[in-house]
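Following are the structures in question.
You will see chain A twice below: alongside chain B first, and alongside chain C after that.
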Partner chain A sequence: MSKSICIVFNKAPYGSQAGRELLDIALMAAAFDMPITAIFTGQGVYQLINNQQPDILNIKNHSATFKALPLYDIEQILVDQNALHQFNLSQNDLLGIDELQYVSADVIKSRIANSDFVLTL
Partner chain B sequence: MNSLYIINNPQKLSEALPFIGENDGILLIEDAVVLATSDSAQTHCKNQFALEEDLIARGVKDKSQASWELVDYPRFVELTLTFDKSITWL
Partner chain C sequence: MATFSLLVTANPYSSQGQFSAIEFARTLLEQGHNLLRVFFYADGVLVASRLHAPPADEINLTKSWAKLAIEKDIELIACVTAANKRGIVNASEAERNALTGDNLDPAFEISGLGQLTEAMLESDRVITFG
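Showing the complex of A and B:
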């Protein structure tokens, strides 16, 4: 069985390239059939906000690509409920991706513990 | 599996804490070593380390709290082998 990886988004988009780069890594890892979990925690939940318009800053909108994660067989997408609550966000602020799972810190904790690699940027 | 969480930004420890188990390890490096100099950063984790060279560089080694074990670079490398994996939480 190939190694499993957790890709942890913990930064808001566009202030840094972290979100876009982690997304690229996730799609590449998918090409190697690695079991992948995408985790959105802290300010990383802002990566999934629905009506992003970074073109106003002349920045490419990578958020639309998050919808492609399931097409790449990345169906384990965990969204930290506490982070949503902390930033006064709700599910309908986010991109409409059916595979989004709204989970507690403990669910994330055990997924991280049981993965071979855990990556943040 | 037990993970060694490597933290280099003081603000990031609190973000990672909910996912850190008591048998995991926390290693403070670079700017994050300042957390070892006050008892404000209390965690439930049994294995708490801070990189000695970074404390010395910042002139605060003598202020480090007993709850944070000081390790040098060779011991840092050893820790990465002791735990099943390392997680650099940026």
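Showing the complex of A and C:
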């Protein structure tokens, strides 16, 4: 069986390139048929927020690519429920992706513990 | 004995990450482990420029990586997308983009993100230095 990866998005978009460059790693690993879990925690939940307008800042909008994750067979997408609460966000504030799973920190911890590799930027 | 690869994303000289990565690489080799590849990504690619000129009494990170790569036969690979946009180019990328010069240190190679994925498939551990 191929090795599994957790990719942890924990930074808000646009203040740094971390989200976009991590997304590129996820898509490339998916092309190698590695089982991937994308995890959104901390300020990383802002990566998934709806109606992003980074063009105002002359920055390319990478959020549409998150919607395409299931097309790349990345169907395990975990969103930290506590992080959403912390930033006063609800599921309605996020991109419409059917595969989003709203989970507790314990679920995220065990998924990370059971992965061969964990990457974040 | 395990096979390691490193993912280095730290900005050289601005943070400790690259220094730590070199020490980690040396130590794991001393302990008899294998180091398959060092993959440079995000701001980490900046170390692949041969034009860094730190003060004479400070460590030159590019030369430190190059020494390790030559002595121990380690692959040093910088992601092409991350490198090109940060001004790190080899001769062929310079020509392709109609640039006036190239600056990739000869100890480093430019390649794609697939090399990071391959490193994961072929290594027991991938350690990130950011």
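Just so it is clear, the second predicted complex is superposed on the first by the 121 of 121 C-alpha atoms of A that agree within 3 Å, B and C clash if a C-alpha of one lies under 4 Å from a C-alpha of the other, contacts with A are read in each partner's own complex, and residues count from 1 in each chain.
Methods note: contacts are C-beta pairs under 8 Å (C-beta built on N, C-alpha and C of every residue); 3 or more make two chains touch, one makes a residue touch a chain.
On a predicted model such as this, the values are computed, not experimentally measured, just so you know.
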### Task
Using the superposition on chain A described above, determine whether A:I49 touches chain B (first), chain C (second), both, or neither.
neither
### Query
Does chain B (first) or chain C (second) touch A:T120, or do both, or does neither?
both
### Query
Is A:I97 in contact with chain B, with chain C, with both, or with neither (first, second, both, neither)?
neither
### Message
For A:L89 in the superposed arrangement: first (chain B), second (chain C), both or neither?
### Response
neither
### Task
Could you look at A:N10 and tell me whether it touches chain B, chain C, both or neither (first, second, both, neither)?
first
### Query
In the superposed arrangement, does A:A68 touch chain B (first), chain C (second), both or neither?
neither
### Query
Does the superposition put A:I59 against chain B (first), chain C (second), both, or neither?
neither
### Query
If you lay the two complexes on top of each other, which residues of chain A touch chain B in one and chain C in the other?
18, 116-117, 120-121
### Query
Residues of chain B touching chain A in their complex?
1-3, 15, 18-21, 24, 85, 87-90
### Query
Which bits of chain C are touching chain A when the two form their complex?
7, 9, 41-42, 81-82, 112-114, 116-118, 120-121, 126, 128, 130
### Summary
The residues of chain A that touch chain C in their complex are 2-3, 5, 17-18, 21, 24-25, 28-29, 31-32, 34, 116-117, 119-121
### Query
Where on chain A does chain B make contact in their complex?
8, 10, 18, 41-42, 82, 105, 108-109, 112-114, 116-118, 120-121
